[in-house]
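Following are the structures in question.
In what comes next, chain A is part of two complexes: it sits with chain B in the first one and with chain C in the second one.
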Partner chain A sequence: MSALAAFVKKEFLHIFRDKRTLLIIFCMPIALVMIFGIVISTEIYDAKIAIVDASSGIRAQQLIEKINASNYFKIVSHLRSSSNLEEIFRSQNIKLAILIPQNFDKDFQNGPPPYIQLIADASDLNVATTLIGNITSIVQAFVEENSPPSASLPPFQITTRMYYNPEQRDVFMFIPGILALVLMIVSAMMTSITLVREKEFGTWRLLSSTPLPSPIIIVGKLIPYFLLSAINSCFILGLATSVFGMPIHGNPFELFLVCLLFILTSLSLGIFISSITHTQQAAILASMVGLFLPTTFLSGFIFPIENMPAWLQPIAQIVPAKWFIEAIKRMMLKGASLQHVLTQIYVLAGMTVLLLTISIRRSRKQAT
Partner chain B sequence: MRILLALLKKEFLQIGRNTFILRLLLLVPILQLCILSQAANFEMKNLSLIWVDLDNSPSSQFISKKFQASRYFILHKVTHSPMPALHEMQNNKADLIVIIPAHFEKELRSGQSPVVSFVADAVNGMKAGLASNYAAHIFMETAGELAQQLRLPIIAKNFDIQTTYSLWYNPILEYKTLILPGLLAVLVTLVSGLLAALNIVREKEMGTMEQMNVSPIAKWQFIAAKLLPFWLIGLFEITLGLGVIRWVFQIPLLGNLALLYAFCGIYMALILALGLLISNVSRTQSQAMFVTTFFFMLFILTSGVFTPVESMPSWAQTLNKANPIAYFVDVSRRILLKGASFQHLKTSFLTVASLASLSLALAIWRYKKTHADT
Partner chain C sequence: MSSPSIQAHNLVKTFGNFTAVKNLNLEVQPGEIFGFLGANGAGKTTAMRMLCGLLKPSSGHATVAGFNVSTQTEHVKKNIGYMSQKFSIYDDLTLKENIQLFSTIYGLTSAQTQERMKQLAIQFELEDKLKNLVSTLPLGWKQKLAFSIAVIHQPRIVFLDEPTSGVDPMTRRQFWEMIADTASTGTTVFVTTHYMDEAEYCDRVSIMVDGQIQVLDTPQKIREQFSAQTMDDVFSLLARQKKTNPKQIL
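Let's turn to the complex of A and B:
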């Protein structure tokens, strides 16, 4: 036991000597939480637009002023005709053009309902849809201001309740994913690299010639990363609750247990990668491609799995982070207890056992 | 020049011998473009709906049919009390619950404006917002038809402005068109930047750097020999990726490809210089990997690949002026999707070129043959 303790101490010394990596391990969650909490949002303000006003009437002017007054849009170009609109789209990089026809004012007084035409740069389809929605609501408000009050009620009213996240904060959806990503990077990527490093430098031979049995050596190598990840998960959860006011409706202790289970899964992934690679470069690239990208894209972290095509959804099921994120979201936001997320727990535990078995088999084969 | 050629030969031999990495370089861009572009989709569909009908009238059923016909919703269940529906939502089985109140039709007939409730699972706030908007839209559309069926007096709107819209630059109206150039940028940057950073640190870590330092190789020769192979690999990856975009996804490449390659050439120089800088200040490969991943991840997330740059706060947009990936994403989209010419992209070209020469100069200056300080 004391041999193991000495070994763990040696590993810790290795880790603490590398101040820069240590700094990044703890800066990464902060940066990610800040980016997802503050920088990335789906609201668009001050979008650059062009107005093509062929009518130059008073009503059209009022509408333009109303659009300009909202902080959603910034009019960068004011035209009389749409002849060189395409050029404006390219050179000024505007996102939307609003075309007001010649008889807008006339139709406004009497005649068929006036219309306006929107041309959106749909190379970013989401931006286009959002901007069209914003313009439509401004136009609606303009219509209501300028139409005589009507006595009739709408046929029915709609009330909407947003459960579990009443303010629809995007960051609540991202925090579990950030947690998964950081734990994955620290436990899986780092362990795979340190283990392969010993192989690459030949120091693994030295270690195996010590009286410590090789499972103990691996455990000794993993304990520091296990502890670091455990601290890191508390740190991220602390950030989420204190800075962004994310609730933990479930039992925090149970939540922590699930985090520990996921750390174990990540560590076994790290061991697995180290068993199939021989150089640090290969291990890094394999973790990049096999862990980092799937955890970001296929786990439901940023992009909902239901939106993916049918053939891709089964692939998403084998990404460990998918199960972890699901469990965390339900425990934090929906107040689920361990019994409610048993499926997720079983899947993660099963993956851990499977990965460990395969890696042990592989390393035995290599040893003989 | 001979020294440089010999060094280049050595580098290529070393890269070529590592079959694992070579295979990775060939397969990764194709696989990732195909898989990630399918995964990276914000377009909401297949929203799971639970219909709680407390009225059970022809009117409520009429609206429910409209929901079933819509392409956004999948009717998961119809219940007649709200509790089981909420329970299903707790278990992630429902995105939206629509509750039709009792006496819905009666109140509708008497003009009392009954209140329909939506309950959305807002764990994903954006999805919840869209789901309730879609649902409200379906209700409003149905209102007129329902009024006709029930022979209610149709409430005529006195006045309206109609808006029509057309969407440019994305003729097939798919998110993929947008995400592919962005993903290509991410892949190329991540792979070649990381490889360049790792390669030099590896020499340090293995101790072969000492041998390089005592040899009569000039600083610039060493650096050129290290960076040139990855520069070529990067351009090769871009070609591969463009091929996938053109032939697998059938997306027309509108713009001037020569212009795109010119930009990629400058951009790759910038990324490799950054990789070199990182390798200069790192002692081990794992350190280099962490620093690279950290910075590139920040660059990628704020580059506008996945979320529009316009929606970021203005200080972040200002910071983004120094984000190489943001330039690449923007330029590649503008060239490939809009067919922009050099005139339109002059500022981006100049900025990236100056960033590249700045970081190259910095990297060469920082690289010392006597690296006692690192």
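Let's turn to the complex of A and C:
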């Protein structure tokens, strides 16, 4: 097997001598984790808001202080009336206005139940929805704290607990998706490119004229990418736990096994792409359309599959990353063991076998 | 005389309705330089790929180094060297790394590799370039390297697919000297080319037109047969005979 070893060494030399490959393999994972973990965040702090306080009462003052004390909001404008509110939306770029009516204090003491009005800037819909959610919970807490004990309680109360992600950190949602994306790029795109490069430069023909069997050639080319992907997955999981405090409630070794399985699926996707393309450019294009778009948009990484139109949902089922992300989330956040994610494991293994079978059939056909 | 290095009997290759090679018959002796000539698309490369065990013949029979090309491909591949028309050595590896890779693939031990590398470096004047990346070398050097790799394991037959295309005349001359040196050690050289003047360096040549061998003899006899001054004239004559086919341009 010294021929295989020599081949693996050669492949590593290719990787380490190409700056672009190195950049993709080692810098891209860090960049992606940082972008999704820190820059892209749906959690909003210090949102600029305006308060229109028509009551000037003590209760209203207490409420405003409570809002100001939370780190979600920053009051930039304090008004008596809402007459030039629109101007303030435009000039000070506030995201939300809270209107407290004149008889707020009085109603607070002896009904009817007081009301406040929220006016949000819906030109940025996601931000508006998040801010309204935040302010609602602050106001609700305020009402509960300050209701006179004699006041009649509502007929029932809802208590909510967010299991598995109590702080609702969205970086926990992104990490499995980033892991899937990085493994796809390194294992599937890079291997399809390196395999096609041999075809394009004619070295494949030279290699096939040697006694080295072609499965050995392919295995030799894949081993370095398999190892680098394995290292990458440890690295991303390490970043997730150390920098973002994401827990691994399941068995870390089992989690790693699932990563290895997904790497195998990605490698077979890479082999498949190389079997249907003849130039590196075509391989890159096929990877973009066939791998990244589905992995980013159809895997549930960014958009929930449940929200997709009915015709798109079955398509999402054939995206390997969808199953991987599901398994990883369950294992990390819910502490699931391998038995709990058997479906995902079977689907990924099945996809791997299917892709390899098709690729082998295609290459046999080309050889005759 | 010992058994022939290459023997082909009624070798045929069809792709769908298209017959790329029609009833190829030839015999090449050990140590011979055999020129395999023909226009582009005449079927040279297809024939050569069948002889290298890279492509299964549709019908017919051929042996290379005594092994059947359709059933004993493994043995065939161990006994041949191959250099392709497109320059196909790894650009981002050094000469030494390329040589080491292929000698290991051919099963040479590291001691054997060292020794062969030394020999080849002296023979092909590559000594002071061994540690250079292939991409930094001019094409002539690359061709030399590709040839050294094709003969690294001292094969009984070496197949060269248009080894001199795109190379300047001076380097082409040197290249043919390398070929002659190699043949003098008993290695059979099977070479395709479309430079007709190069045919003169060969012991025997065949000219292929439309998948069929039209002429097969020593260059001198072929010229006499067609009463032509050069091989180029012979080729033009052959091309004129087959004017019906638009592919006959050269």
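As a working rule, the second predicted complex is superposed on the first by the 252 of 368 C-alpha atoms of A that agree within 3 Å, B and C clash if a C-alpha of one lies under 4 Å from a C-alpha of the other, contacts with A are read in each partner's own complex, and residues count from 1 in each chain.
Note that in this section contacts are C-beta pairs under 8 Å (C-beta built on N, C-alpha and C of every residue); 3 or more make two chains touch, one makes a residue touch a chain.
As the structure is a computational prediction, the values presented were derived from the model and not from experiment.
In the overlay built on the shared chain, the residue A:Ser209 is in contact with chain C alone; chain B does not reach it. By the touch criterion defined above, A:Pro166 lies against chain B but remains apart from chain C after alignment on the C-alpha atoms of chain A. Of the two partner chains placed around the shared chain by superposition, chain B is the only one that A:Phe292 touches, whereas chain C remains out of contact.
The wider contact with chain A, measured as residues touched, comes from B rather than the other of chain B and chain C.
Touch criterion met: A:Asp18 reaches chain B and chain C at once. Within the superposed three-chain model, A:Ala47 lies in touch with chain B and out of touch with chain C [touch as defined at top]. Using the contact criterion defined above for the overlaid structures, shared-chain residue A:Val127 touches chain B, although it does not reach chain C.
Of the two partner chains, chain B is the only one touched by A:Ile38; chain C is not. Within the superposed three-chain model, A:Ala3 lies in touch with chain C and out of touch with chain B [touch as defined at top]. When the two complexes are superposed on chain A, the residues of chain A that touch both chain B and chain C are 18. On chain A, the positions that touch chain B within their shared complex are 18, 20-21, 24-25, 27-28, 31-32, 35-36, 38-47, 89-91, 93, 95, 113-128, 132, 135-136, 139, 142-143, 146-148, 150, 152-170, 172-173, 185, 189-190, 193-194, 197, 277, 279-282, 284-286, 288-289, 292-293, 297-298, 302-304, 306-309, 312, 315-316, 326, 329-330, 333-334, 336, 340.
Residues 52-56, 74, 77-78, 80, 82-93, 97, 100-102, 104-107, 159 of chain C touch chain A in their complex. Looking at the complex, you find that chain A touches chain C at residues 2-3, 5-7, 9-10, 13-14, 17-18, 201-203, 205-212, 367-368. By the touch criterion stated above, chain B contacts chain A in their complex at residues 18, 20-21, 24, 28, 32, 35-36, 38-48, 86, 89-92, 104, 108, 111, 113-129, 132, 136, 139, 143, 146-147, 152, 155, 157-170, 173-175, 177-178, 190-191, 194-195, 198-199, 202, 282-287, 289-291, 293-294, 297-298, 301-302, 306-308, 310-314, 316, 333-334, 337-341, 343-344.
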